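For reference, the structure discussed in these notes is given below.
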């Protein structure tokens, strides 16, 4: 029968879609920033010689990596805020959707980033640490001046790749009815009966953004490989 | 200067070092050799506390390395070490490699550190390369920078762990030349190497290790003329043959 | 917390079908497992081929393989799923499209989800295969060729066996991701585990019990997959070879 | 009232100075976003009546109003955990849900019917035997349809789509011959179609359902305020005007007209407001 | 047997080989030496077509390597090659390493392949290790297996690319011994190496390369006695000094 495409909903919806994109970017940026900081700490805990610390970190990482992201988001949207309310005495009913999505994503991504960062730290030859120590550096100095700068340089491509995945996965916040870019597109499509058109449009936008980002990854990879 | 007394070390149930003892006096050059896996690297790393050991005692310049109260970073700052794979910091320029520890560990002002670094770089013949990164230098050049980096900390003694074995044959000599000069100036040195030419030229004593034990510890002349142990004889035969 | 826990609802007879709510959940579990395994098989085959193509000499093939990977990697899964399910049949010749759309809806949903997950995952598998091959010492390929192997034989006997072993750990996480990603199939109406969980919320109005049960079932899958892959890793371990951790 | 402290919604509203309203995002014409992202719709108007009543009751004319979009999956947990104080959308009042939440007086009564192509030859439920039929996951229609299929052994293939938009897409692309749903929603979907003239709503209603506003369970005081507001709107005749605005006239965002006449059930309801579940 | 005529090769704008010509006759042993990056490996890889080249011709046993019509796999099956890093197949046992190409390339029955493999393994002194995997052997042992693997294909000539430079000093000789024996039995060999002791003992001619050119191509005696070019003199001085 041939599908009878009608793209007329899109121009009017652009401001709304842009609002959605801002939420998507907010979540992505928060999750990357928190993920790198918390992920680095987790990675260092995991590599620590103190067994309780390394077990704790390993448990955290494995737990988050074994649950679908959708489930994590649901937990953080529906259950964790209630616990926090009773613990912290927050005003019940505050709109926690964005906050819970950010927290959920950040904690979830930290688990993935921790693994990447751990691999990055381990990819720095042991001899480098020995050389830093041999020059009289302390553990902190060796990490800060020698190991982490090299580790991050090796990791940039992987961190970016993970960020691209994260960017795509933000579409899952539909579970808390938060209108990220994907959710906004879907809602406009649903309202106007043009779901297929809006989703194809969203797909094209995602492709352009993610593909540009993966070109960036390739550029970094070349620089690191050189 | 360095005194190693009855040191033993094991990884789990695997004994790496068994009751090793030797002395390095001020101004002395000691060459350590022996088959692969005999524990040479481990021994030399014990000297500046890069590897912990379970028994025995190592005293460097009057400080006990194994003592938990010892401030190891401060001790290491004054014991220079050169590694098989150079271990320059690849993300820093040569100049930064030479100055970072002077600044952050010894607390020298940047200018002073740079001046000292460049002086030593000049000494190993690489002054022109200060702005480059390690990846842009050949192996031999990197190893000379690594020596300069250790010297910049004004070490009271130097440890070398197979400093030439990762080098192309042509580059070995440019590194050995620097080391010979250092030895002739009276630096206290403990050198793990298979370069018997170097040992013949500057070593005062040769220590031969096998399976974690110091099998032979003799003056250079005695060692090359008549190695006492059979294992050392075989070893010398193997590496001097063709 | 003013929540009334009622775990026993899981054992009550379900609103339709001759089963309990737990039975629904297990049926969803089965669908999830069947869907994920089918998609994984497809992803391994396709991804293996595309990954190898990315490393062969010659611009054309590796360029095509790269385009394939970029396409399937850079569009969100949800959009891809929609395209397979809703858009693709419209692009077929009308007679075929209509005939296809009259077949059993469950099969249509399963097929679209499987193909979608298969292609999506194959792009990721292809990247792993490529990086596995790239991480082999370059000399291995030359050694194979120097013995008189053709390029195909060199891949078959020398490079792939080693590259595949190297990528077992990253493939494990991709395998786990297939199970997790299969949850999006609920958006086209396939009643897999996550969808059954949501349906349970609607029918029993006991959301937490159902989330917890679904979460546990996913974790169970994880445990099995990890154990299985660890077994594979152990079985294929090369004696004396100190690979990366 | 002897409501437990945890469900004293009025006090909570008074203390926090704000009331949180749960609304839907695309339940046309009950509760949805217009093109300026304002929440509008038939149910929304009733919810605002309730808000006015709360303001009056608490003597807080400047009470802050917070809007929280909800989905059919999370609306019940959100009422339970107090994120929202009231939800008026297109939520059916049934006994099962009454175990988790309370319902206000009914605001709308629907019948479940079928949307189908005019030339499909389908006139009612018996014509569906052996066909592919779509409905929306998680709705009461889905339950009814499954039950019908089981009880009468009709051999239908039931497709459960994620939401109404997707259900209609399934119908529109020819995957299903009919879409079973609440008639009001069917009229809404029909109005969005590319060619509205090709479609019609058929069949005698399979069941009747009452839409109510969801409230926290066992909070009699709050329910009383809300019920009074709804009842007053109905008995004063204002409800008929609201109905006409949303069902007999063009509505935003695209100026569609649902053209759904007022049913006898609704007329009866307006005369005699009550909170009974119809089952 | 091997004739290299005017071969030039470049990567993009970088010239790796410039107009290289030399001959290896049947039964001859040629040593190729020269500084790092001078193109030795590239040249030897051109001989069995592992690297394509843009100009010139290489003929092995009457077959032109550069000719697109040449069946390269068939040619390579009869040219043995030994690499710096051994390149045994780590996932196969030693026995499988020795037999896989015999079976899959030459089509020999498994029994025959195994018999021949074990015979050669015995010859390099490693019969007892047939069931092990390469990772369980030392570097010297692995390289001897690699030589046996190449010999199992009944090669008409053998190419070696720095076969001892990745080995510990003690292990170099066990590999060189096998190579000396091979040379003395009359195998045609082209060997890239810096082991001048080996060259002195068995080479017929020495080819010296620098910056992609064959600078010197002389009989062994002439080369060591009086290298003509200045670059070769420097090179020899550097690697023979200490």
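The chains carry the letters A, B, C, D and E, assigned in the order they are written, with residues numbered from 1 in each.
Keep in mind that, in the parts below, a residue touches a chain if its C-beta (ideal position, glycine included) is under 8 Å from a C-beta of that chain, and two chains touch if they have at least 3 such contacts.
What you see is a predicted model, and the numbers here were worked out from it, not measured in a lab.
For the pair chain A and chain C, chains touching both partners: D. Under the touch definition stated at the top, chain C and chain E share no contacting partner at all. The most distant chain from chain B, with centres taken as the mean of CA atoms, is D. Across the assembly, the mean Cα position most removed from that of chain E is the one of D.
In whole angstrom, the spacing between the mean C-alpha positions of chain B and chain C is 53.
Rounded to a whole number, the gap between the C-alpha centres of chain A and chain B is 46 angstrom. If you average the Cα atoms of chain B and of chain D, the two centres end up 81 Å apart. A separation of 35 Å divides the Cα centre of chain B from that of chain E. Multi-chain contact residues of chain D, defined as those touching 2 or more other chains: 73, 77, 166, 169, 173-174. Residues of chain C in contact with at least two other chains: 86, 90, 97-98, 207-208.
Counting only residues that touch two or more partner chains, chain B has none.
Inter-chain contacts, as defined above, occur between A-B, A-C, A-D, B-E, C-D, C-E. By the touch criterion stated above, chain B contacts chain E in their complex at residues 35-36, 138, 165, 168-173, 176, 194-195, 197-198, 201, 235, 238-239, 241-242. Chain E makes touch with chain C in their complex at residues 45, 48, 50, 72-81, 83-85, 87-91, 100-101, 104-106, 132-137, 149-150, 153.
Chain C meets chain E in the complex at residues 137, 139-140, 142-150, 153, 157-158, 161-162, 165, 236, 238-242. By the touch criterion given at the top, residues 1, 3-4, 6, 12-13, 16, 19, 77-78, 81-82, 85, 91-97, 174-177, 179, 186-187, 189-193, 195-196 of chain A touch chain D in their complex. Of all the residues in chain A, the ones that touch chain B in their complex are 125, 127-128, 130-138, 141, 145-146, 149-150, 153.
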